[in-house]
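Written out below as structure tokens is the structure these notes cover.
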Amino acid sequence: MSGVGAARAMGLVVRRELRLGFRRPDQLLQPLVFFLIVTTLFPLGLNLRLSLLREMAPGVLWVAALLASLLSLDALFKSDADDGTLEQLALSGHGLTLIVIAKTLAHWLTSGAALVLVSPLVATALAIPTSAFPVMAASLALGSLTLSWLGAIGAGLTVGVKRGNVLLSLIVLPLAMPLLIFGAAATDRAVGGTDATGPLYFLGALCVFTSTLAPFAAAAALRITLE
Amino acid sequence: MSDGFWQMGGYARFVWPCFALAGLVLAWNLWAARRHHAAARRRVQRALAMNPGGDA
Amino acid sequence: MWTWFYRLASPPSVYRIAAVATPWLLAGALLAIAYGTIDGLAFAPPDYQQGDAFRIIYVHAPSAWLSLFGYMVMAVTGAIGLIWRIKMGYAVAAASAPIGASFTVLALVTGSLWGRPMWGTYWAWDPRLTSELILLFLYVGVMSLRSAFEDPARGDRAAALLAVVGVVNVPIIHYSVQWWNSLHQGATVAKMGKPEMPGSMLWPLLSMMLGFMLFYAAVLSMRVRGEVLNRERQSAWVRAAVE
Amino acid sequence: MNGIIGLAVEKIHVWRGERHVLKGVSLTLASGESLHVAGPNGTGKTTLLRVISGLMRPEQGTVSWAGRPIGQAPLEYQAALAYASHEPALKGDLSALENLVFSVGLKRRVDAARLREALARTGVEACADLPARVLSAGQRRRVALARVLSFEAPLWLLDEPFTNLDAAGVALVAGLIEEHTARGGLALVVAHHDLRLGGAARRLDLN
């Protein structure tokens, strides 16, 4: 094995991704602004029947979060593939799976976690009571992490394809439907004041399941592109 | 055949289109498979015509 | 030890076997389907609840089964291609995709036509039909990914990997949709599945199932021949096969 | 002893869709030797290098390092090689030094001072803290070379290391390769034009 341990190597890759991310803060903000814009569309479309808006709020918030997260997935491997650094990472002596884990976690920090921080703002706009915020934030955190893993597979598969981002969404969204179901259901129960642990457990199970299998699939997908 | 058969107990509007579409899908699959194979043969013949060597 | 498997999977032998098998499979399929249709439409008794509308099951159930079976074949043969790098795996996976997708569409339309008398609308988000719809999205995803690459070998591998990822998610999607559906209406009133059927109702269904499976095998072997030609263009045996 | 540490490549076949890009290429490289892989573009030079680096698996043929096929212990093999691709492979938003920190740092514990020495060695110490996107192609090539130096890996796989370099740059690279092989290292250099490498330099022409 190379002279550098796995944990240290992952730490290095995560720091690299975060530094690259914060060198271009506008690209980090764009998905969040998109998240805000999409959620403001619904009240306009529903001509503000407040009861209906509160009824739909969890679903609206979750669909908007899902779409916003998809935006940033395309760049997960694309820039490294374009400038050739992906090859250097692949030959770093740690294996592509470890590199993919580090990159995906770093991507989640700059996209999913950011969404969770912004979600109270959006939730108030959608008349979601503050009592539901903890469950909502928890479901968004678990859901966005699961989506980052699924997105890593999609990004790995489409990195070699020109204009691959539409194809990426087409591939990832069907796989993301279960987490939308459980995420929106958890938030919906929290809004209604009922116990939301059921769907949250399902969401947690989905997240653990995807976190363990997706890195290998994403690494295999990248290998296909690198070959 | 008795009239009752064609009416399908009042559900003719749903039963017959289903079977018609089933026939269509079966036919499409056969037609598409045949066309796909013929196209593949043509591509091979054209490739062979271009470089008769065709290394193994 | 594996030589028989490699010989069987060798393109020229598959190309020949498929050519011989297709007419027999097709004949068997059309026979079974003809028998099933006539028996199912004319002789099977109407359902005590749904009347004659239930006869749609004779095309809906087999196509729903094929839509899933086709995806399984695509995922398994894709995985064989990925793991053992056998080109034949990719050829069968590429051949199975459009067939499975066409039966998914058939299952969706027949399902919604069947549901119309019961639900009063063509689409009531029945859990089975919703899963079927998502399966169609998975098919479209795999097929578009395969065609998105210029280099067909790379497209095969990417599509195979997506099919494997997809097949792992099919049960998850199915049960999530079931869970989601049970939130609103409880179990759907009219059982969409196969109600306990007397023999006179069951035989035509088994015959249709057999017929559809044989049909799938026939069309698959026809398409595999095309896919093999596409992938073996530079091999010498192709010249003889194409003369 | 140094003869054993070596690269053996046997009968590599690679197809790119229709084209039979590599038709049974074989070569060996022992410690202290450099090999110049020449040939017009499109003859699969880069493909060969990618196969040898392990990035690409050939349809047929094997690559072995120190007597063992690289597929068996890919990570040990990667620790022993420094691959410089056709592109300088630098992140535009990171400085030259940061690029080295994040790529060499994955293979070796190395501090910034040593990396600055490597940048000095290839003549780009002045732009160590400039973002890579503002550097010229030649400077970027020199940063990539500093990375190869910093890996301190026995096997160098260099794809067109002379592109975008001026005469001084070409001489610098040739010198570095000779020093590397003199220390017992191995260097496999892909270049479409001819180059004069001293010492045990051999040449392989891909027709």
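Each chain gets a letter, A, B, C and D, in the order it is written, and its residues are counted from 1.
Quick note on the criterion: a contact is a pair of C-beta atoms (placed from the backbone, for glycine too) under 8 Å apart; a residue touches a chain by one contact, two chains touch by 3 or more.
Keep in mind that what you see is a predicted model, and the values were worked out from it rather than measured.
By count of C-beta pairs in contact, A-C exceeds the other of the chain pairs A-C and C-D.
With centres computed as the average of Cα coordinates, no chain lies farther from chain C than D. Among the chains present, the centre nearest to the common Cα mean is that of A. As a whole-number value, the distance joining the C-alpha centres of chain A and chain C reads 32 Å.
Rounded to whole angstrom units, the spacing between the C-alpha centres of chain A and chain B is 41.
Averaging Cα coordinates per chain places chain C and chain D 49 Å apart. As a whole-number value, the distance joining the C-alpha centres of chain A and chain D reads 36 Å.
With touch defined as above, residues shared between interfaces to two or more other chains in chain C number as follows: 233-234. Chain B has residues 47, 55 in contact with two or more other chains. Residues of chain A found to touch two or more other chains are 227. On chain B, the positions that touch chain C within their shared complex are 1, 5, 8-11, 14-15, 17-19, 21-22, 25-26, 28-30, 32-34, 36-37, 39-41, 43-45, 47-48, 54-56. Chain A makes touch with chain C in their complex at residues 153, 157-158, 160-161, 164, 167, 170-171, 173-175, 177-178, 181-182, 185, 202, 206, 209, 213, 217, 220-221, 224-225, 227.
On the chain A side of its complex with chain D, the touching residues are 1-4, 9, 12-13, 15-16, 19-20, 23-24, 79-80, 83-85, 87-95, 226-227. Listing the residues of chain C that touch chain B in their complex gives 26, 33, 37, 41-42, 46, 51-53, 55-56, 59-60, 63, 98-99, 102-103, 105-106, 109-110, 113-114, 116-117, 215, 219, 222-223, 225-227, 229-230, 233-236, 238-239, 242. Taken together, the chain C residues at the contact with chain A in this complex read 82, 134, 137-138, 140-141, 144-145, 148-149, 154, 157-158, 161-162, 164-166, 168-169, 172-173, 176-177, 179-180, 183.
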